[in-house]
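Naming follows writing order (A, B, C, D, E and F), and every chain is counted from residue 1.
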Amino acid sequence: MQQRVITFGEIMLRLATPGYQRFCQANSFEVTYGGSEANVAVSLAHLGIGSTFVTALPENDLAKSAMMNLMKFGVTPYIHFSGDRMGTYFLEKGASMRGSKVIYDRDGSSFAKLDPGNIDWEEIFDGASIFHWSGINPAVSSSAAEAALEAVKKANEKGLVITTDLNYRSKLWKWGKRPKEVLPSLLEYCDVIIGNEEAWSECLDISLSENVEDLSDDQISELTDQVFKRFEKTTKVVQTIRRTVSANHNTWEAALWNGEKLFRSPKYNIPEIVDRVGGGDSFVAGLIFGLCKNKGDQSSLSFATAASAIKLSVEGDFNLISESEIEGILKGGTSGRIVR
Amino acid sequence: MQQRVITFGEIMLRLATPGYQRFCQANSFEVTYGGSEANVAVSLAHLGIGSTFVTALPENDLAKSAMMNLMKFGVTPYIHFSGDRMGTYFLEKGASMRGSKVIYDRDGSSFAKLDPGNIDWEEIFDGASIFHWSGINPAVSSSAAEAALEAVKKANEKGLVITTDLNYRSKLWKWGKRPKEVLPSLLEYCDVIIGNEEAWSECLDISLSENVEDLSDDQISELTDQVFKRFEKTTKVVQTIRRTVSANHNTWEAALWNGEKLFRSPKYNIPEIVDRVGGGDSFVAGLIFGLCKNKGDQSSLSFATAASAIKLSVEGDFNLISESEIEGILKGGTSGRIVR
Amino acid sequence: MQQRVITFGEIMLRLATPGYQRFCQANSFEVTYGGSEANVAVSLAHLGIGSTFVTALPENDLAKSAMMNLMKFGVTPYIHFSGDRMGTYFLEKGASMRGSKVIYDRDGSSFAKLDPGNIDWEEIFDGASIFHWSGINPAVSSSAAEAALEAVKKANEKGLVITTDLNYRSKLWKWGKRPKEVLPSLLEYCDVIIGNEEAWSECLDISLSENVEDLSDDQISELTDQVFKRFEKTTKVVQTIRRTVSANHNTWEAALWNGEKLFRSPKYNIPEIVDRVGGGDSFVAGLIFGLCKNKGDQSSLSFATAASAIKLSVEGDFNLISESEIEGILKGGTSGRIVR
Amino acid sequence: MQQRVITFGEIMLRLATPGYQRFCQANSFEVTYGGSEANVAVSLAHLGIGSTFVTALPENDLAKSAMMNLMKFGVTPYIHFSGDRMGTYFLEKGASMRGSKVIYDRDGSSFAKLDPGNIDWEEIFDGASIFHWSGINPAVSSSAAEAALEAVKKANEKGLVITTDLNYRSKLWKWGKRPKEVLPSLLEYCDVIIGNEEAWSECLDISLSENVEDLSDDQISELTDQVFKRFEKTTKVVQTIRRTVSANHNTWEAALWNGEKLFRSPKYNIPEIVDRVGGGDSFVAGLIFGLCKNKGDQSSLSFATAASAIKLSVEGDFNLISESEIEGILKGGTSGRIVR
Amino acid sequence: MQQRVITFGEIMLRLATPGYQRFCQANSFEVTYGGSEANVAVSLAHLGIGSTFVTALPENDLAKSAMMNLMKFGVTPYIHFSGDRMGTYFLEKGASMRGSKVIYDRDGSSFAKLDPGNIDWEEIFDGASIFHWSGINPAVSSSAAEAALEAVKKANEKGLVITTDLNYRSKLWKWGKRPKEVLPSLLEYCDVIIGNEEAWSECLDISLSENVEDLSDDQISELTDQVFKRFEKTTKVVQTIRRTVSANHNTWEAALWNGEKLFRSPKYNIPEIVDRVGGGDSFVAGLIFGLCKNKGDQSSLSFATAASAIKLSVEGDFNLISESEIEGILKGGTSGRIVR
Amino acid sequence: MQQRVITFGEIMLRLATPGYQRFCQANSFEVTYGGSEANVAVSLAHLGIGSTFVTALPENDLAKSAMMNLMKFGVTPYIHFSGDRMGTYFLEKGASMRGSKVIYDRDGSSFAKLDPGNIDWEEIFDGASIFHWSGINPAVSSSAAEAALEAVKKANEKGLVITTDLNYRSKLWKWGKRPKEVLPSLLEYCDVIIGNEEAWSECLDISLSENVEDLSDDQISELTDQVFKRFEKTTKVVQTIRRTVSANHNTWEAALWNGEKLFRSPKYNIPEIVDRVGGGDSFVAGLIFGLCKNKGDQSSLSFATAASAIKLSVEGDFNLISESEIEGILKGGTSGRIVR
């Protein structure tokens, strides 16, 4: 039977300066829509998985445009219409030594004002198999954090597999509590936890005793096992490892710890990045795709890492790469030869 | 001596769909900056008048870009840096039977959160001769209304001439009070009050007993004299008269009542509108320009009306027409002949 | 119960020169998707009607983009993947005395190669209430004409209401037969037939004895009644009346004959056209919307005409106007006043 | 035998602000190439006439781009490579009451520095039948005026038919002499002289005793006959008549006096102008086309006027309208109906 | 005496997504024209060689635009007007691991429908010295293959030097025969044969016994000598060697075997590719340029390789690099220093 | 007290082809404004230093746009309005092996026609602390060279610190004298002289006896000490060292000799250049910023080099990087990590 994945989060208006223009040079913004969880939902739909995205939006034409963009890529939107504004983020793409810059403008958004009880999770979870949320959900406001907790609990009750990406963002978490005070109670319900070194540290106070540049298998196992042991329900802890050589050049790899064995992905060198935003989300979607297809740990991890590496060649938040293109990467076709 | 005009209000990020695209079709937004009072400030600076614009903005690169745009056109910005977001408005340009559409996104903006005491009016008003505010200032929030009242009182104490445009916008005024509960106490300090039929009615409960299409001189005098008599300090009441034939075709004229005599401007027929937004603000700036230059009532009114009529041929909120171009219109050069 | 409308036709890649550029000046083409029947499907979905679009497309990324565009606007695509290319049309927008120019490039398209038996109409028509096709379907190829006949017969068997727009295009119909040899056998199954003077004449050999500029009620009744009487199943014959003042200026009105009474719409004067293509299709969708909502003949006709008149202010083939905006026109709000 | 027309003048880089932007708003300029005589040459080539354009340009990539643009449209360029810069003009398109604005930047251009003797007219005129120059040639510099005189004399010696357009531009003629001191000695060699009221007055001191809005046939005959009688070789004097209703709306007509009879063209009303520049040049090319095809006076005049009226719907200096499209206008197809 | 090169092939409309957009993201396509043989013709004309391009096109404005683009760059087009559509290709530019993607839409094009006898080769070859065709000509259809054979035979009769590039494209060759069944009979007439490893294998069944990454001189000699020996008339066999590091990074070199000696070009490392399409064609043009200028084998090969390496920095199919710029590369100026 | 820096030079209209288009491909030019000294002025203002820019411009809308661009970024323009045209430069951005190309069009500009006595230096220098000019000033014309000498002398009299960048450009210096005949008399008044190997050689005849690729500390000291000793007033000689790996990849470092000690900056590797123009000017501004802030030699040099290295990631002539962003580079944040 076809699996259905429910994703919960905020979809934002993304306004990016063209090319490498700085904000003060821009006479136009490129308009797309995105946000960590919406990116996961689109990526799954693009890979052919039944995908429902749950969010709150105001009743206006921008929100309708956001909905249309989800529908365009095959996502079924489930919108709680309420509030007055949609979250927005402004993006200035960096180059070379100058990093990309994000200005969040999501205060007071419909999603930030979401309260527990607003969403009919009973109806939504009916017939669904996986529920995905991320650490951004509880970061935006106190009530959003409560709404996330409600969702996670309901999903657990209904027997869904629950996945999460810690997604630590230093510019969010302004409403009073720190992630380490909030996230653990949500993580208790999660089957799969995805994060990176910074997230383990900021959200769970888990870190190595010394700071090292390149982590060994043992060090990764040490970190992820701490996460694994802390949350009883968790069956997989996944760590992504990005190194930023320059704004246009990253390396990307990942590891998965299932409590017994550490799996490592290949390490991709990506010297010509087109759009770095949404890279982590495409990884998450790849991993959930693996779960849906029962690919096994190694295969899921490799698929997710390849999906994410090639995503960096795609403009916008969404990973518009097909399953067969990702398979091509996995088969070694990483040289970008022309297809004609 | 060179006059200096102080204008107070919110400058917003303006995001407009290109050409005649609807919101759901737009893949880019044209980025400019504007807002009623900022438009007046820019127009005055462009006409060579010393112009200071007072506002509140957050500390980010978008706000800095707004400042740079004021500086580009010769305005001296006076910014109270506070709050987290700048007001934004989204514009979809209409055509034919389809009207332009504005989505305001100014809730919780730095300006909306402005409190009395935030601005050092004493310093700002020093050496200034005219203070301009508009009915939008108190519309955005309760504290902004209080801040506007403070400003008007200070300007009055310092002996500045005070001008205002009622600028009624049905989508604003959401904070609890109606304009007619708030505006009168500010208008008591105003020397020049500008409005239109809808504004007299919505803000002051002043209207004709019957609804007519084309107002006679007597009817305009009847309306404006009621305004004139209600506010003791007021010396001029100015009514603008726009007829909307279609989204691309308006007529525009105005009248000025000084308590004794009604002055009428020419009526301009404008069948090929480029950008309708900011038309009223360019009128206000033209009128204040007349005050600064001691042009007299008829001449000021005609200058303001011509400035406003030709503004509709300019993209964006700002009226980037020179004094000599406006004089050309006044001399009858309304046929748009090529200059080469 | 929610109605579902099935529309059948070709969706094409539309490549338009920007602004008013001629083909030989264009360095880019604006990419959208359209085609008479797809336009009807999108318009219905945008008005909230359940809308399925049936077509044939090749297995490539352009075809997938066309599908995504249907999904974006709420249409459920039903695609028979076959053949090697999708139909394309090139558009040069005219101005003033220079008419718009269309270059069709649909020879050998997947749709033109469609054969009877390719589509599972049984499944598609299940639960549907209305079937719409147009005179373009049988114009593109002999096999497409047979496929259209098959569809119409199946729809009739399943008891669907069948609507059609004759849509005469002089540049199509190249495969050997003239419309008057082909269309009548399809029209026998139709409940509602929409056309204009040229279509009555070219497709049905029905015309007035003398050529007149402005048709009287009697003349329209005479024409439409001939159509009405010729096809036994037909209950409504609708004639649209466009006058082309210039490439940017049309008038538009319509009439409906139900065998007993002639209904007339208001006549709209549209002097500032944004995009003329798809005007007729938006009319058809408006009429079908009326059928779905049981609006009655006069009300359906007026709604359809208003929908079509305001469509001319929208870029692209699709009519992205909401029901409430059309209602606004019907209530007399034709002056295009700004909404803010 | 195929006729060949030699045109002599300056081709410039044309830099236009996009849409209706003012110079101070433009972040890009649209790049095309043009200039009165080059426009005539392109228009003739586009109509299928053998067309050689003679000019001077510097040895750089911009000049080569100008050459390529002539070649693209079928003109054979004959370039004297010399000097350091090419003439440039900046264009701001007006709307409504705001006229278009041209900034000429042609001082010190290769063409302005052209000297008599630089061009091998003997070779160029070989096999040619018509020579066209315009009043702009001698306006740009003293040496260009001398070079023009040399060309006209050589053309006369070689027996070519010589045509000219007076093309009075108030912003040129800065080098010391007034047109009336310079042009008459060139006009002595011309067979066909084209001008308008302003040109007759500024270049030849010929005007009516009183200023009238709409010229009668008698008044036009009076004006053109004075021109006709003053220059012995002249066989046709042609007057164009433009009225500027607004920047987007002109009327256009013309008259031809052959010393015996006055021919009038239809008067075209053009309310939706796309690009007004090059209108006169398209008229000139239409008239020369008539000469090449021996159309006769009335027919040539009508063709030229129609060509020019429809040119106003085309972006850029060049008239990219085909002979059959112009014929369509002459047959009454002025309503801009879509062709599909 | 000036040499004239005749090139024969299909010129297509090229529609490319902007920047790195995927097809489903594109709202516009960049419009240029290209095709292997047309690219050779333009490159030769740009290098100052007399260049005639022979093709078939339909009678429409797109075909005329293609012609104008050839003329712009100095090519003399010889067009057989016939058929209904012009070949089109859609291009999505890849980045990093994601390769560029071409969708061919050339079925049923005017060129594919070309028959022997359509072209007056007698007239075309008169005064010409070299004839170039490529392996794409016979790939598109059976009749095009016959037309190519006719051309090659006629060129041989007229004593022209014949050059060819095997240009193997896996997505073409759909009409029934494999290249190895068709090409050999054409190659019998060729003086110069250009190909790469894949082409030797797919078109001639010539390959090394084992697959190696970097070919030695001996291995190249072995391959090319097999080609050399197979076709009696052939005097030079040229092998190009591209390695694809990523979509934006290639290396490029070539070797020439004249039956006695192997010449090698320098190997260029090109890490910042602007447009990869047309790279091979610019090589071919460079080689033919060498033939025209009697440069000798080593010098021709080096010139061709340098021309091709720098072409990758140019947008579009056409190599718009001058002879002196290529000479600069040959002199070691490969660092891309600014010229000011 | 706040320092004020006076900069003197020509601001030009910069017209750049979009992306990597060649001149003959461009249908639009990107419009910005720049010029070595203006770039220094803007950079200083952006870093918060009081900055006045002195130049000559004609009275037209392009010149006004240039002024507005200076004002936008906080520079106070001091314009001598005279002459007829503003200097212009055309830029084609190179890639890979193809270098960027500049076409200067500054002959006869208002600045080139500037004469001594035109500028009221007395007024300008009042209250100022530093005067900056560059070797381009005297390169453009004889009178501009005299005007520069006048300025330098006046600045010296008024006790300003004088800085200069030799800025050797081979395409300028066309008016008769070589830089080595002109510059030394100006350099006598300078406190800080900035140049590179080519400038030392072309402007001062100072070079190493042998050409080496990588200069040792001793060799740099040898070169800069010769400059240091030649000009008595000079206290610092600064040498910048750029290596051009490709058009998109440079390395950048610098050294400062104060007569006693050689300071070296870090060497930056910049493989992904966005815009190379203005790199040297951003270095100069960084150095002057150090002077204004009394940073000391090492610190000023490092700041200047970092400012310049990150500038290469910014479009346009102007360095729109903030002080804190440069400090980030100095603290090792060179990996371009996203900020969110």
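To be clear about the criterion, a residue touches a chain if its C-beta (ideal position, glycine included) is under 8 Å from a C-beta of that chain, and two chains touch if they have at least 3 such contacts.
Protein identities per chain, from UniProt: A, B, C, D, E, F = Sugar kinase.
Just so you know, these numbers come straight off a predicted model, no measurement behind them.
**Q** Looking at the contacts, which chains touch chain C and chain E alike?
**A** Expected: A, D.
**Q** Cα superposition of chain A onto chain B: how big is the rotation, rounded to the nearest 5°?
**A** 180
**Q** Count the C-beta pairs in contact for A-C and for D-F, then report the pair with the higher count.
**A** D-F
**Q** Between chain A and chain D, tell me the centre distance in angstrom, where each centre is the average of that chain's C-alpha atoms.
**A** Spacing between the chain centres: roughly 63 Å.
**Q** How many Å are there between the centre of chain A and the centre of chain E, using C-alpha atoms for each centre?
**A** 45
**Q** If I count partner chains per residue in chain B, which residues reach a count of at least 2?
**A** If we look for residues of chain B contacting two or more partner chains, we find 22, 24, 27, 68, 101.
**Q** For this assembly, give the contact graph shape among line, ring, star, complete and other.
**A** other
**Q** Looking at the whole structure, which two-chain pairs count as touching?
**A** A-B, A-C, A-E, A-F, B-C, B-D, B-F, C-D, C-E, D-E, D-F, E-F
**Q** Which of the residues in chain F come into contact with chain B in the complex?
**A** 68-69, 71-74
**Q** In the complex of these two chains, what residues of chain E are touching chain A?
**A** 19-22, 24-25, 94-102, 104, 169-171, 244-249, 276-277
**Q** Which positions of chain F touch chain D when the two form their complex?
**A** For chain F paired with chain D, touching residues are 15, 18, 22-24, 26-32, 60-62, 64-65, 68, 84-85, 88, 90, 92, 101, 103, 105, 107-108.
**Q** Which residues of chain D touch chain C in the complex?
**A** The touching residues are 268, 270-274, 309-310, 312-316, 320-321, 325, 329, 333-340.
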